């Protein structure tokens, strides 16, 4: 049979929450209603929540680093990365050198309709060509439009945040994100084949 | 009354009708916005609607427009005529309730001598509509909801009426204006400034009335006929578009009407302490006072709704028959004894 | 509060009521007939696409048979064509509310076969994330149970506070729901700076949430009336149906794989206790889960303070090939015993993965426990057994 | 039940030498007598018992009475190799199977794989816990194949154990639809996940996984080589350009 305390306590909890939501401010300004601060919801199109830096929002491609080695495509559990490439001849790095043969990426598509956001491709990439970015606003009205090509993927490179520092006690090394548009960072780029 | 402004009967009636047609949807919208949208949101650390109108005030109007645009769908096996009539019956019941609610010395649609009796009678009509909806939908969930509503009606009409009996005995009248007057002219141990709101002498009656009203309105903890998580909406599961809108409006408008009844019977109604009971100015101030009190009572109704889980049908019946009805009978006996002795 | 009737007495009582009802039907010439009510596949109480076909006499349940498979994704088959790292992506999606906890037993099974052990720092962080996913998962139950019995507000509180835990998980793993963070031999990455302090704060908030739930829902007399003596599962029945997790402990069986069969994670390094409740009813299940959420916040707090320093990855070849053999590892997941029976023939991927999910066994008791109850009790019992549909259907 | 984690660890899975499991294996072999064909202990991990299929039901109820009353799961393994493999062909895949199996015949290789041994294609697999002893056993049984009327072979029927463990009900139904095993004495051996009219047994290795078969693996694409006849010409062109630009000097 109903006893008062439990029922009243419940009413207390809801009333307290309502009061905290409506009057979150302390001190003199207590009585100014400010539900915008008191509530936990974010009014999405007007204001946006910043996802954590590590958030796996979308995969960005640093095209200069890509050698079309197919590792990511082959390790993708969903078979959603399509790569095509061809070899070209490139001039030698310095005078007297031999002509090099270089891989050029013709197609690098990720089908985000299939992608499960597991990040295996980013991990297996030996040349630092793929990066996660927290960017999330790329929904499309048609499922076929979720197939994004290398140009779109490269644009997202701008949104890649710096890698975070670690807690003390960690032995991990903090990695660096290559700067967008420069090609000073490309140690293994244009994998030299045949020379 | 009829010759208050020297108007003909038809003219006065159409004015009253016009006022009622404005007041009822406005009341429903106001309660819906204040409590169903905003207060619930705040109790859940949310903001509620923000985009339609300032602070989302026009959200419900936008919703109503949306409902009106929707297709009016009947289940193939439904009993069409009954199916269509059901929401109208429910809404009519809450419209009829507003007829006797006094908001000032003359501001009342019809000052019936048996006002409270009439109010109790028409409020039960809504269950008929619910039963019709449950039966005619040709849906098992709706049927279960309708039957639950019927069971609930019998269990809760009784304590509701018995709770009112205490007030009627104390006020010596079934007329709602007379009940307000009895409270205004009453005094507490010789102190008559604020009159004698019956909530003080009839506190048990007030509690029973509020509990029974909660069941009558099918609000949590007695919302088994609707029971979203069990019956997926119960009797109105098959309704869409404007017929669903009618159900929704009726629900909120009835909550408003019952809050008004509680105000009239227990909180002193429209009378303001210090004023002469028949002062014409109360025709203007009375409604405002009423509104404040109504919102207070409605706040409690919705506060409980957002806090409590719901009972099971058999537990509700047990509670009604084993606790509420004996308690309200005892309340009548005690009130009667005091009435005779004092 | 009166002591609840013993389980067997209650069963007898329910059986008696059902028999009486059946008698009444036979004796009265006007046979009313039973009604079949399909709860689901689209129904708010089944949070997913479970269907329960009930035979009703009035509002009393004569029989209830869960029918599932609407979301069967065939993960056991899919795992057979994937490599070990690729499998964790799938396994994440079995119990989508506690996904990190899903990865752990699979990875541990693969590690057992390879003879690799993750370094201590990795084991500690694994345990922390494991318990965080337990909190994220069970706190939703704590609110959701309110909705099942008709209270609107608790679930919003649950979503509000669970979000904080999900944020912590996301800050480390990059995924709110599907971390995919566990690797054979360790973890994908280490924890970012400042995370430990933040998590401490979140744990304090979660304990506040538990208190709030206790005041708002568990202490509420209406809630107790709805849940006490409803859906009583005695201990021996629970064992024979293979119930696990809080459902088993609420039936009075003191069994927790974290303590009883710890596969190497850091639970034995901290001070905590296993909660049991003797009643075996829906209320007991709620009570046990609430206590466990509190306990989990304490475990996380203690673990956060003692993370050993060191590497997070053992020496593992870049291309993982698991030697031939069989291994079964199970852990105490938020929903109960989650185990993977991994058979390897020495290839890149598993030869066969049998996924023993907790909800599958937990829900198998439904036909037994629902007989003789009422329609609202179906919802209460389903809610209190707490299943995730992906966990039933795999 | 309090924080006595230390004590329980002793007989838990972490014990290194695992005398406990060895002793248990011996004890259970004695208890079950002829029924046990073979047992296998993986130190600190698990204990396997292989039971003669004839004694399946008797052994399970004996284990139940011996305290292994907590039902874990029941399933099966199909030990044949899938004809399509993983639907991908990487060099690692080939190497993976090849290394171990090069010399030995596939039959002997399989024996080293199977913990507790076994010869037949289908093997029944179950797990039981003992809540008192805090230890679990994995129980296996070979399911022989019998030739059915239409000439193909089908696994012989197995006695159902629902009367011992009520929870085995759904697990047996799942094994039935996924592997085509038949459980004698099961009251309702209907599909549990799949539609009623579904044909085939998806977890058998010869059941193709259509999701993989309908789409080509994107990994088969390889980088396009320069045609050999053009190679010299291109090289000369690039070199000429390089020298003309003056970078060479």
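Letters A, B, C and D mark the chains as written, and numbering starts fresh at 1 in each.
Here, contacts are C-beta pairs under 8 Å (C-beta built on N, C-alpha and C of every residue); 3 or more make two chains touch, one makes a residue touch a chain.
These numbers were taken from a predicted model, which means no experiment stands behind them.
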Chain closest to the assembly centre - both centres taken as Cα means: C
Chain-centre distance (mean CA atoms) for subunit B and subunit D, in whole Å, is 64
Which whole number of Å gives the spacing of the CA centres of subunit A and subunit D? 36
Length of the line joining the C-alpha centres of subunit A and subunit C, rounded to whole Å: 30
Would you mind pulling out the distance in Å between where the CA atoms of subunit B average out and where those of subunit C do? 43
Could you tell me which residues belong to subunit D and also touch two or more other chains? 88, 90
If a residue has to touch 2 or more other chains to count, which residues of subunit A qualify? 1-2, 7, 10, 13-14, 17, 40
Mind pulling the subunit C residues that touch 2 or more other chains? 82-83, 153, 157, 160, 216-217, 220, 222
Determine the shape of the graph in which chains are vertices and touching pairs are edges (line, ring, star, complete, other). other
Contacting chain pairs, sorted by label, are A-B, A-C, A-D, B-C, C-D
Show me the residue ranges of subunit B that touch subunit C in the complex, using the header's touch definition. 40, 43-46, 140-141, 144, 220-221, 223-224, 227-232, 305-315
The subunit A residues in contact with subunit D across the complex are 68, 70, 73-74, 76, 79-92, 95-96, 99, 101, 103
Considering only the defined contacts, which subunit C positions touch subunit A in the complex? 82-83, 85-86, 88-90, 121, 153, 157, 160, 163, 167, 170-175, 178, 180, 188-196, 212, 215-217, 219-222, 224, 307-312
Which of the residues in subunit D come into contact with subunit C in the complex? 1-3, 5-6, 8-9, 12-14, 42, 45-46, 48, 69-73, 75, 77-78, 81-82, 86-88, 90, 92-93, 96-97, 99-101, 109-110, 112-115, 125, 127, 129, 131, 134-136, 138, 165-167, 169-170, 178, 191-195, 202-203, 207, 209, 211-212
Subunit D partner, complex, touching residues on subunit C are 68-69, 72, 74, 76-78, 80-83, 112, 236-237, 239-243, 253-255, 259-264, 267-268, 271-274, 276, 319, 321, 324-330, 337, 339, 341, 343-349, 351-352, 354, 356, 360-361, 364-365, 368, 393
